[in-house]
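Two complexes follow with subunit A in common, the first pairing it with subunit B and the second with subunit C.
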Partner chain A sequence: MPKLIIDDITVEVAEGTTLLEAAQSVDIPIPHFCWHPALGRAGACRVCAVKLLDGPVKGIQMSCMLPAQEGMVVSTTDPEAVAMRRHVIEWLMINHPHDCPVCDEGGECQLQDYTIAGGHGIRRYSGKKRTHVNQYLGPYIEHEMNRCIQCYRCVRYYQEYAGGTDFGVMGSAGRVYFGRFQEGQLESPFSGNLVDICPTGVFTDKTARFRARYWDYDMAPSVCPGCSLGCNTTPVARYRELLKTVARRNDAVNGWFICDRGRFANSAVNAPLRPRHAVVDSRESCVEDALDTLLLRIHALGELHGPGSIAVVGSSRMAQEAAELLPQLALRIAAGALCYRTTRKESTETSSFVELVHTGSSASQQDVRKSDCIVVYGCDPLNEAPMMAMAIRQAWRSGATVYVIEHKITLPCEFTLRATLDDVPLAEAERPVIICNLSAETDQLDKLLEGHSRLKIAPLFPAANSFGTALLMREHGAISLEEALADGEIKGIISIEADIPAALLGKIPFVAALDWQATATVQAAQIVIPTTAWVEMNGSYINYEGRAQHFSKVMNPGVPVKGLDPAGHPPHIHRSTATGGEALPARQLLARLIKLLDDGNRGLS
Partner chain B sequence: MIPETMRQELQDRISSAITNREAAVDVMKALQTHYGWLTDEAVVEAAGLLGLSPLQVEELATFYEMIYRRPVGRYVIHVCDSISCWSMGGESLLRQIAGLLKVTVGATTPDGLFTLLPCCCLGNCGQAPAMMIGNSIYGGVTSLEKATDILHQHRRNT
Partner chain C sequence: MKIFSDMTALMTGMWITWKHIFRRPVTIQYPEQRRQPYPRYRARIVLTRDPEGGERCVACQLCSAACPVDCISMQPAEGDGGRRYAEWFRINFARCIFCGLCAEACPTLAIQMTPDYEICTRDIMNLIYEKEDLLIDGCGKSADYNFYRHAGIAVTQPRGNGAEELPPVDVRGLMP
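Moving on, here comes the complex of A and B:
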């Protein structure tokens, strides 16, 4: 463990740590462009210069390239180092346009920050600038090559980290160009990370271009609802519109990146068809009245068909807080069934896997990245949970062997096909991981887990909170809606963010739906009460490995200002909520409903 | 489309290499000789032969200055503009040849015979200033006469 001094602070770091990281560990920031924690160093930008005053190396050095060594005395504030950094910035800025106010990256641009921090304010260069022709890279990413400072982050990320082959670096010297062979949509399912990784505005999110500045963003730490991995995100909103989503670092989960499916998924939140106000019998109503009517209908159904005629149906996409309240609601209305799944198959599959994960043998994405032997068993990570495929690639890059049990899939790395699980030399591996989905035989996995103490399992569940709701299913003996409807006793369904197939809904006389999406259930329901999307509330999801993760409220619910009729905006009637902003988190609606039921039972209503 | 025999030869060359990428320059040069320059079609063909994506071939093709991604004349004149040649008059050599051929640097003569390009080091620093025409290298090109002679030689050979 080398011990060194950086700006008069003694630092002890692990062997192999770079000076830049050593300085960061004691909160001394050193400017950098090409170095990135996920990509390592390239020594391409020369902006992280520091001066070594004493020790084994002396003079100006690039702090990202030099491993910390015993006895080094480093100064980041030495006039020579400061001048070097200032000159490098000036030189990187030679071809860069001085037009931050009209650039979409302005305000969240590393180059802008370091240019200002480096003290380069006035351009001395009066020559012609190098210019490039931009390429069309698809509907998601805008290309602006004139802004490029040749840090090589994009190409190192795209080809090395993510395994893409259709984007790279061409030319040499002053003609270096980052792009594709021919214009066209980027093929990698992880291409959106180019936006995050570019230290300036070469790649920007086309879906949110010129919509807002960084300091106007509504932002909060959130979790992606796209699949069961629970990748950490920061959604960005403005004027009640979800503009974009950026990756949020979590070393145990997604690392630095997210997949495109999770990133470019704003449309559901902004959808014009979203239920925005309560509806009773196809007529617009308010939440209070809708809840009252719901109570009356519950009583009426109970009187008509007797107790047990209503099913309370949740789903695996609802937040854990709301899911926890469903059993209480079911108890109070003497529901005939409590369901979190629609089909029998889903129901049995998830239950058995929750048992499996409970043994403490689940593998996080970090476990997968650090594994030396990965078995992909009967699942398709790239389609079911793309970031898992990315994690597999990182393990492969570090030398892991990847086995695929006879199955037609693609992965962003090389792999070996094996006929069965028994053909994989699990016993020889140090940190083996099996990645499967719920179609796998749990008995077989159980046996393997017993036989191999180091073995971990990553079961890919179908949705963000499949695991959390499965825990509740086990605790409360919930059954699938399919089973609940089998005997024909159920005459009413209260659906809370559930996607119920039309075939199951057809025979039910009464349906109430609490949802934020315009699902078929919402369309069929007599009572609709809008709930908030995950970005509009606080809540938690429990991911496939049993990791509970909190997500915070990013924005207020309501119809996005963009697209509103200018005559009606701002509204001319005073009201405390925004247009279409009556939606409440499902957990609040459920709590109210439960309270109303309790009050009613005590004769207060 | 390249002839089948050529495809076979290139495939043999690739299979004798330790990694496919190692043979990339040879494959690109062969295709360039065949087509006259490395056409877009040739890049795609090279990618197919090498098991790389067209972009990955393009990365290499655009890096090397003797792989031509635009049409060139029958002879490409590379005049070194690197430090040794520059200090020995490489700059004026380039200017003189441009004058002799009546073309600007980077252009091709109207008869399609010569393309004039600057290049960065021919590994002939000991005999600066140096230039290269086709596969022949010329050192110590310090006089207009010598340059004229060399160009005439190539004109005569056609």
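Moving on, here comes the complex of A and C:
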């Protein structure tokens, strides 16, 4: 544990910690471009210069490259170090274009920040700037090579961290070029992180090109609803349009990055076909009337077919808060069935896996990254939960052995094929992890868990809140819709953010749908009440390992300002709520329904 | 002596009053008579064009960020050849305090203040100026400036042909 002094503060850090990290640990910021916590150091940008006044090394040094040693006396404010950093910024700016006003990174640009912090304002160099030709990198990422400052972050991330092979660095000296050998879409399913990792505007999000500035963004900490991993994100919205999603750091879950599937999935929220108004029998209505009509219909259906003729159907994509209210609604209306799943298969599988992992044997993404023996058993992480494949790669990079049980998949790392689970030397491993999906045999995994105390399991569930709803299924004895409809007793369905197949809906005379997406269920429903998407409300999801994560409201619901008025600009009208902004979170709608039912019953008796 | 100083003060005040009685009045009979403000007078804001006739505004949102009363709003969009422009641009003159910070912030010299101070109206909604009301057919001040010639990106000229640029690098070249 070396002990050193940084700016008169005594710091004790672990062996091998760099000066930059040691300074950060006591809140002394040192500017840096090439160093990144997830990528380590490269010593490419020279902007983290500090002066060592005393100790084993002396003089101007790069703080990201130098491990902290006993007796070092470091100054980040020494005039010589400050001058060095100021000059580095100035020469990084020699070739950088003056296009900040038309650059999407402007306002959230590290280079911009450090240039201003370094005090470089007026260009002194009178020579010409080197230019590059850009490449088409697909529909998601915009390339602008003139802005590059050669920090090598992109190529280190893309090749080393993410395991991509189609992007690299070319040329020499001042002509270094970061791109593909030929134009074309980036192949890595994690390419979107280039946008986050580039300290300047070489890679920007093409889907949010020229939409807004950082200081105008509506942002809030959120969780990705794409799969059951629950990666932490920060969605970005402006004028009621979800513009883009950026990764949010959570070392226990996704680390620094997210996958492209989670990043470029904004279209559902902005979809023009989204239900924005309550609809009763194909006629536009308001939420109050729709709720009243729904209660009347529930009552009428009960009178006609007897009690137990209605099924309350939730799904694994609904927020936990709304899912918790479903049993209460089912109780109030004496529903015939409470369902969170449509198929029997999915229902039994999720239930048995919740039994298996709720004992504390689940592996987080960090457990996977730190594992030394990973078994991919009957699942395809790259397609089912891409960030899990990324975690597997990080474990492999630190020396873990990756086994794949007789399954044709690709992974962004080398792996060994084995015929069965028994062929894997689990007993020899320190921190073994089995990654599977719901098709795996829980009995077999249970036996393995009993046999190996250090073994952990990461079961990939199909949706964001599969785990949370499965807990409720177990608690309230919920069955699948398939089973509920089997005896033909159910005559009405109240679907709350559920994707019910047309085959199951066909025989049901009454369908009410509460949803924010224009699903087939919404199309078939007689009563539609709009709910809010995850970015438009507070809520929580419980991910595959049983980790409950809260997401906050990013923006108000409503039709995006874009395209609202044919004149091309927002209408000249004062109104307190946005067009189509009457959508409420499903939990609020359910709570209102329950209150109406309670009040009604009290009135009757 | 207090009485002398008091009388001096009284006489000084009366002297100034009497002096002004015989001066020519400064009042102008507006609106029959109009005064021409100085060129740098800060009144109605306009959006100017570059010497080639293109819109100077790139909707960078620095003016709306600088505006202390939040009276400027806009939506950037991508036009032909990657040109960034304002899809809509709105200044609410009912709220504007004509401080000139927007014009100072503008990196492309698009937004400029003019000496036209006569924009009062009876309907406050008429003070919301959209882009078509703001955009003029002229360069305003700094008539020969075109941001895209100096920006370092290819919009008005091919890549590497800007004012301070070298031709694009041949990445596959082997020369040192």
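The rule we apply is simple: the second predicted complex is superposed on the first by the 593 of 605 C-alpha atoms of A that agree within 3 Å, B and C clash if a C-alpha of one lies under 4 Å from a C-alpha of the other, contacts with A are read in each partner's own complex, and residues count from 1 in each chain.
We adopt the following convention: a residue touches a chain if its C-beta (ideal position, glycine included) is under 8 Å from a C-beta of that chain, and two chains touch if they have at least 3 such contacts.
From a predicted model like this one, the values you see are computed outputs, not experimental measurements.
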First (subunit B), second (subunit C), both or neither touched by A:G171 | both
Which partner does A:H132 reach: the first (subunit B), the second (subunit C), both, or neither?
-> second
Where does A:R180 make contact in the superposed view: on subunit B (first), on subunit C (second), on both, or on neither?
-> first
Now for A:P97: first (subunit B), second (subunit C), both, or neither, which partner does it touch?
-> second
Of subunit B and subunit C, the partner touching more residues of subunit A is C
First (subunit B), second (subunit C), both or neither touched by A:A419 | neither
Is A:K562 in contact with subunit B, with subunit C, with both, or with neither (first, second, both, neither)?
-> second
Could you say whether A:G106 touches subunit B, subunit C, both of them, or neither, answering first, second, both or neither?
-> second
Touching subunit B in one complex and subunit C in the other: list those residues of subunit A.
-> 170-173, 175, 177
Subunit B residues within the subunit A interface of the complex = 43, 52-56, 58-59, 62-63, 65, 120
Which residues of subunit C touch subunit A in the complex?
-> 58-62, 64-65, 75-78, 84, 87-88, 90, 107-108, 125, 128, 130-131, 147, 150-153, 155, 159-160, 162, 164-173, 176
Residue numbers on subunit A that touch subunit B, as the complex places them | 165-173, 175, 177, 180-182
Sort out for me which residues of subunit A touch subunit C in the complex.
-> 96-102, 106, 128-134, 144, 146, 170-175, 177, 179, 209-213, 215-216, 239, 561-562, 567-570, 572
